[in-house]
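Chains: A, B, C, D, E, F and G, in written order; residue numbering restarts at 1 for each.
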Amino acid sequence: MINIILAILSTAGALAILFASIGILRMPDFYLRLSVTVKASSLGVGLLLICAAIMFPDDASVTTKSIAIIFFLFITAPIAAHMIGRAAYFTGIPLWKGTIVDELDGMYNKETHELKSDPKDAIHKSTGKEDDQIAETDEETR
Amino acid sequence: MELLLIIVLGLLYAGGVYFILRRSMVKLLLGIMLLGSATNILIFVLGSIVKGSPPVIDADHDTFSGIYADPVPQALILTAIVISFALTAFAIVLLKRVYALVQTDDLDNLNTPEEEDI
Amino acid sequence: MIKNFLMNLLLSFIWVALTGTLSYSSFVFGFILGFFVLWIMNRNEEDRRYFYRLPKIFSFVFYFLYLVLKANIQVAYDVITPKYFFRPGIVRYPMNTESDFEINVLSTLISLTPGTLILDVSEDKKALYIHVMYLTDPEAFINELKTGMERRLLEILR
Amino acid sequence: MTLGTYFDFVILPILTISVILVFIRLFRGPAIVDRVIALDLIITIGIGIITVYSIRQNQKVLLDVAIILALIAFLGTIAFSYYIEKQKDD
Amino acid sequence: MLFTILSGLIVSLLLLPFGRMLKSKQRILLVVLPAALFLFYLQYIPAVSSGRFLLQSTPWIPSLATNLDFRLDGLSLLFALLITGIGTAIFFYARAYLKDHPYFNRFFGYLCLFMSAMLGIVLADNIFLLFVFWELTSISSFFLIGFNNNDPASRKSAITALTITGMGGFFLLAGLILLGNISGTYTISELIHSRNIIIHHPLYPLVLGLLCMGAFTKSAQFPFHFWLPGAMKAPTPVSAYLHSATMVKAGIYLLARFNPILGGTDLWSNTLMIAGGFTMLYAAFHSLLRTDLKSILAYSTISALGILTFLIGLGTREAVIAASVFILVHALYKATLFLVTGIIDHEAHTRDITRLAGLRKVLLPVAIAGLLAAISSAGVPLTFGFIGKDLIYEATLHAGASLSFILTALAIATNTGLVAAGFMAGIKPFSGKLPVEFEKIHLPSASLWLPPLILAVAGLIFGCIPGIAGQLFSLQAANAIFGSDTQLHLKLWHGFNLVLLLSLATLAAGTFLYYINKPSGKKQHFIQKFNPLSPEFALNRFANGIFGFSTWYTGKFHNGYLRSYHLKILLFAEMLLAYKLWLSGPIKIDFYGLAMLSIYEIAVVVILIGALVMMILTQSRLTAVVSMSIIGYCTCLMFVFYSAPDLAMTQFTIDTLTTVLFVLVLYKLPPFLNLATTWERYRDIAVSLGFGVILSLVALQVHHEAISTQTSEFYANNSYILAKGKNVVNVILVDFRGIDTMFETVVLSIAAIGVYSLLRLRLKTSEKE
Amino acid sequence: MTGNHILASVFIHLFIAIFQLIAWRKTVTQRILSVGGALVGLIIAIVLFQQVYLHGTYTLNAANWAAPFGIVFAADLLSATMVLLTSIAGFAVSIFSSTGISRQRMLYGYFPIFHFLLMGLNGAFLTGDIFNLYVWFEVIIISSFVLMTLGGRKQQLEGAVKYMAMNILASMFFLTGIGILYGITGSLNMADLSTKIQEVENRSLVGITSVFFILGFGIKSAVFPLYFWLPSSYHTPPSAVAATFGGLLTKVGIYAMLRVNSLIFIPDDFTRKLLMTIAVLTILTGAFGALIKTSVRRLFSYLIVCHIGFMVGGIAMFTKVALIGTVFYLIHDIMVKTNMFLIAGLIRQLRGTMSMEKLGGLYREYPKISLLIAIVLFSLVGIPPLSGFWPKIYLFRESFSQHQYVYIAALITGSLATLYVIAKMWAEAFWKETPQGIAVEDQFAPLPVYRKILLVLPIGILGVVSVYIGINAETIIQVADRIANELIDTSSYIKAVLKN
Amino acid sequence: MRSIILQTATRYLLPILLLFSIFLLLRGHYYPGGGFVGGLVASIAFVLHSFTNGTDATMKLLGRKPLSLIPIGLGISAFSVILPLFFGLPPMTGLWVQEKFPLIGLIGSSLFFDIGVYLVVIGVVLTILFTISLTDD
């Protein structure tokens, strides 16, 4: 019984990781790659850690450690994603051409990196193409 | 598995050497770091390598019951790693200062002629 | 509320001590046992927030896991099939949160849900900018988030 | 098939393939941010591999390494993003 | 004897720093030293001339068999008396000569140092001790030649002299040590017992060559003679003392001293005779063409030294006698001539022979001294020079049937030149009409003219009563040189014989030469055209060659390019290692045992290699850093797989921190430039792959070697029981090998302080060290 | 004999440095601590030397673990001598630094690092464990990096980059060698290795291992063709620093060669030939370089290289006589080379430059100081009876016995080049008048008397030591003789360490 | 680089990391860990803090220059190394308190040694990183 649960959990975990990997390889732009990978991998690793916790039932420390790792992963991964995503946007990494809307466009103060919340404050609405980060071709994002 | 490590260390040595033969200071640094890793792996591989048996005695035993990895190379490498870190950190900062002074990453520009000696 | 929680913890430790096995299972069992004991004891008290918040947390966790699972499968499907189904976009999401902690938790959770990713928080802490993979209509997406995740979360936190 | 062999011949290979796939992304880039997230993902998968490995070897001390990875890995990403942003300024 | 040497050294060491305290009236005290020493050595004449000798030994460095061994025999005494006697005259003279010189004290300091060193050479009975003093004479000579140190020519001459004599010194040292090695003793007087071993040793030519190098450089034999004319930059008393009477004779002394030990072989004779013979003729000829008084004297000195070398080389009884007498003869008249020259220079402010004339009218006592010295040098009967010349001819005539004619002719030619040179120096300035410009010259104080006069008169006295002089000074010296009794007995009159005839002929020819040879700038100019053939020129060319080569070589190797240094170091390493590997034979690889691989291990390695490749190919620094991180993390995973959790943890944290550090620093730097040519790139790839392959092969080799597990077993077994820890690695780090860790933290601390100061400390440009 | 005190010379400097770190930015305290501490260190070293001389090798089993399991420190006569020399040089440099180093540098940790360096040197000389030696080497190089860069002038940094790169390369070779050594023997204790290495069946592996040590120590001691870092950098740091480096750092390499060659890799025929070739080329390289340099410190740098060759030649011959020569030369060289760079510093103070072309007039203005310097210079040249002379006799003697004529020629060439360049330097810097148009910055004259003394005193101390070494060569020979004996016959060392 | 999310997260990550570092420090003798890794983790915690809140804020949090931790740490280690000398034992010899402490286990001089190492590592890493980030070239 336990073995079956373990097999299921571990398979799910491994597959989640696999999908994340395929995702990071296949997705057409940076933001999509980021989006796909962060959680799939956290989920996958989390599942594997639960397996570990179950595998060593007599040892509370393993369970504690597993929980701790999951906890850390779940709080750090989104933060890391947020930081790198924002940096990417800032350095002008283009969005995929199929992106339908970019409400972030023009909201940053380029000098101070300050981000506004009100669309009316936008320094520059995307009227000119040169400032638009949405790519026109696939090549731009590869 | 030793063979694999041996190949790895050879490549790391080769990479390190290649990098220290470049003109860029950053590459020099990277080369030094690679050589450091290579040496660590060399030391590691020359001890007895065992999979999955860290040299940590079980909670309920006083000595090892089964096989265990040779702890000595590990301790040596630990020391070496920390020392390389110290050196690397200092080297990185040196790089920063040199860059600030000569405005170049090119090692060939580090030749103030004898005439300018004090 | 804190008092109840501590009491519950104490009870579970006592249970562990009684059974003499220091393990997670006995602790969790002791905690559940203690919860029910306390719940029964406190049926007539004024402050019973503790007793309905805990189940809410559980239900939120399951809700969240459900979201994660669902979206993961969606993404997985998209990833392994040759054709792209997604329609990505960056959406400005106006928040109702008050504290930094709430923002933090909310954004973490949003990011952990596949398909959505926080890119940044505005300086005045009023808006999140979210990268969404499957964006049919920004308004609909904002509404769903507002009534779903954010509402449930704030219910627990406040 | 025992659970052990299942781990050895299914789970670990899947993880291995994943990590190699991610590395391909890392190799290809194109932008530095792509590499950074690939690196981050490799470390995360590394945690997974360590977990499975420690299960297989019945060595729970190895999990300690996983904790460290989980705790610290993101500092690298933070550092990279910090300076990718900063570099843009200069 | 030791105290005689030490006294000079001590006086010197006191004079150099504290000499300024000496008031000018107290300076006469300085003369007391050589005078006292002279008297001291005089008292040994009776003992020594009766064939005894004095020994003194004080332990110094017994391990090297180098003790303060002194031995006073005839040869030593002759030199000791010369050194102290002429020294007295010189000291007396110099006191007046340099009266107002600001560095008077230094001058006497050097002079005392020299005198002691010279005494040391002639008294030492130990080859190392001899060498010690030998070098001290070079040093004091260096300081004295460079005494007028504002004059670039003076400095240059000092360096040249020191370099030449120093070079000779090193050869001499080598030769002496070799001699000691062969004979097993370092005591000079004992070496004679090993004579047979030495002269039949296969290395005998080497010994001889090295010793001769020492002697010839010191005694200015061709082709090393040219430092001596240069040394005339020194104040004249120095020239008189060092560069004619004493120091240059150190080489002669050496040859004389070693004649009984090394001499008597064809090699010895030929070497010395050829060198000496050529030198004497060459220098005599050159002396005729000079216009500078001191130059004339310098060349005639060289010539005289050549004669002495030649005579020792000849080595017959007569030759040795001649040498032992001629040493004294030459010292007396040459010192006189120098001192006379000094007075002329001092008063007339010129030494140009073409301008000097008629000075007898203003400097009569000086003129007398000059005349006496000149006739002595010419060998006019009743002078000591006459005796010396006689003996030389005696020697050449008895050289043996085939040689005697050539050698005698050689001697005559040389002596003819020397006669003329002597007249030029001692007579020419005083004869003729006094030019107007010199009319104002007054006779200087007796302190100046008395010493040369006394020396000249001494020459005359010895010439008149040669028997006494020979008995007292030369007999035992000759015996020492010859190695057995020479039965030397000097007589004023040998009757009319071939020798006398030759002497007179020489005198006549010399006088004739003196009259027809008018030195002029033109002639000097003419002879300078032959400079490219001169050894000095050749040596200069050689030196320039050395400098050119040094510049090229140093620039080639130490070219300023770090990568080229690395390349050289690595190529050297590869060569050595490859050679050693090749020696070790075929390499066994146990693929089965080594290659039990799992897929994840392979994957990690593949990624590591990929990262390495990426790192090499990328143009972006940040990508390179990412690759570095990947390599680090892969290593970390390896450590996990192979049971090293502590390593993995540390490697991982440190890698992360390094990454942080890198990005903190790197973002300002420019991207990599591709600066290498394709050829360089391929070369570097070859070198680096070579290194990698070699290291891998080494690792493979080592891996096959069974390891002793004694140490690790001890740690494993006692980690908990004795050291109370279960993580053996940690126990090693904090207990078994805790000292390593302690000082590794020091390394870290130093690095941190270094970083702090490197970034914070900004020296102002005005800041000194 | 067991002696827990033999590490005192290490710990004294450790604690001085720690206290100085606590007294961060308090330069007066640091100075007093430095000079006082260095004096105590010197006394400790003298006592240790005396004890070792009288009673033989002392050992200390760190952490009380028996050899070969723990780290063993051993003070045999060679170690004690090296510690003594380090302490003398350290004391002198410490005094010089107290006024010769700018306050700015003191504020940023000059003194603690200096004492860490001395600590590292003493540790390296005392340890009996090969890996521990590596740690000491690292302490030495990292502190030398810091001292090299302290102040951060452009030239300093340029030199430091090369210095660092090649020294790290040396450490890499050394560490690789240690790894292999452990791989074939399983031991790290040098005395233990001495026996274990003989049990290794694959002798060619031992040869390969020795190559790594030759490379590592070769770079450290700056032999041809590994010397490049030295002339690239030694002319750049402050003189007090250069003095410590010039006197001691390369000699650690020589010390290590002596130690390792005597205990672990007894030189075989190939190694001897190799070392001899290296020695000859090193001498020539140093000599050629010195001939053309006009900056005093660049000149001295090449002279260091040149004279290292003398010692390597002695090691190559590896007989008792040769080793006496090498050890004696080592003793002489440490004292003199330290002093040379202090002199360079003093010249800098006197004239504001170290370039011979710009120098001049020193003898006229400072006759007494000049004479003091002259004595040191002559010691360097090996003018008898000063200190450089006696060891050469041994080297000559042995090379004649072994028919090493090329080495003899190199010895003569090297000595002659030294003589020439020193004479030239004397003529240029001391005799010559300051050239026209060069403004003399005499920073010495305005100093208060006590600071003048602090600058000249260390040169005097080292000069006196040099003269003592020369005049009382017998004592030094006795010491060198015993050291050479210990190096040839290591059984007493091994016995003392392994206690069997 | 201001980010509310990161700042908030750091607020609770910092104590967690510090706690974890002490955990690693204390159990090093029995399990993987020790003063080095502990110190590295602790310094990473502060580095993280400095990333989020600026180096000045972290300095304020520490209350002192990180450089001053170095002599303290070195002093502790060095003292625990020479302590055995006062008992007539060679330096570095482990001295142990006889009683076993709960959770930590036996307390001996090696623990103090490790604490010294821990402090040194923190001091070193922070000195290096903070100096860099506070210096502009």
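One rule holds for everything that comes next: a contact is a pair of C-beta atoms (placed from the backbone, for glycine too) under 8 Å apart; a residue touches a chain by one contact, two chains touch by 3 or more.
Here the structure is a predicted model, which is why all the values come from computation and not from measurement.
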{"item": "Intersection of contact partners for chain A and chain E", "value": "D, G"}
{"item": "Pair joined by more contacting C-beta pairs (B-F or A-C)", "value": "A-C"}
{"item": "Furthest chain, CA centroid comparison against chain A", "value": "E"}
{"item": "Distance between chain centroids, defined by C-alpha means - chain B, chain E (Å)", "value": "48"}
{"item": "Between chain D and chain E, centroid-to-centroid distance (C-alpha), Å", "value": "70"}
{"item": "Centroid spacing, where centroids are CA-atom means, of chain B and chain D in whole angstrom", "value": "22"}
{"item": "In chain B, residues with contacts to at least two other chains", "value": "20, 28, 42, 46-47, 51-54, 56, 59, 72, 78-79, 82-83, 86-87, 89-90, 93-94, 96-97, 99, 107, 110-111"}
{"item": "Multi-partner residues of chain G (at least 2 other chains)", "value": "1, 3, 5-6, 9, 16, 30-33, 36-37, 41, 44, 47, 67, 70, 74, 78, 91-92, 94, 124, 128, 131-132, 137"}
{"item": "Touching two or more other chains - residue numbers and ranges from chain C", "value": "107-108, 118, 120-121, 125"}
{"item": "Chain pairs that touch, as defined at the top of this document", "value": "A-C, A-D, A-G, B-D, B-E, B-F, B-G, C-G, D-E, D-G, E-F, E-G, F-G"}
{"item": "Parts of chain C lying in touch with chain A, wherever the complex brings them together", "value": "22-25, 68, 72, 75-76, 79-80, 84, 86-92, 94, 107-108, 110-127, 129, 131, 133, 135, 138"}
{"item": "Contact set on chain B toward chain E in their complex", "value": "1-24, 26-28, 30, 33-34, 37-38, 40-42, 44-59, 62-64, 68-72, 74-75, 77-79, 81-83, 85-90, 92-97, 99, 104-108, 110-111"}
{"item": "Chain E partner contacts - residues on chain D that touch it in the complex", "value": "8, 12-13, 15-17, 19-20, 23, 26-27, 29, 32, 35-36, 39, 42-43, 46, 49-50, 53, 59, 61-62, 64-65, 68-69, 72-73, 75-76, 79-80, 82-84, 86-87, 90"}
{"item": "Footprint of chain D on chain A - complex, ascending", "value": "3, 6-7, 10-11, 13-15, 17-18, 20-22, 24-25, 30, 33-34, 37, 41-42, 44-45, 48-49, 51-52, 55-56, 59, 61-62, 65-66, 68-69, 72-73, 76-77, 79-81, 83-84, 86-88, 90-93, 113, 142"}
{"item": "Touching residues on chain G, where the partner in the complex is chain C", "value": "3-5, 7-9"}
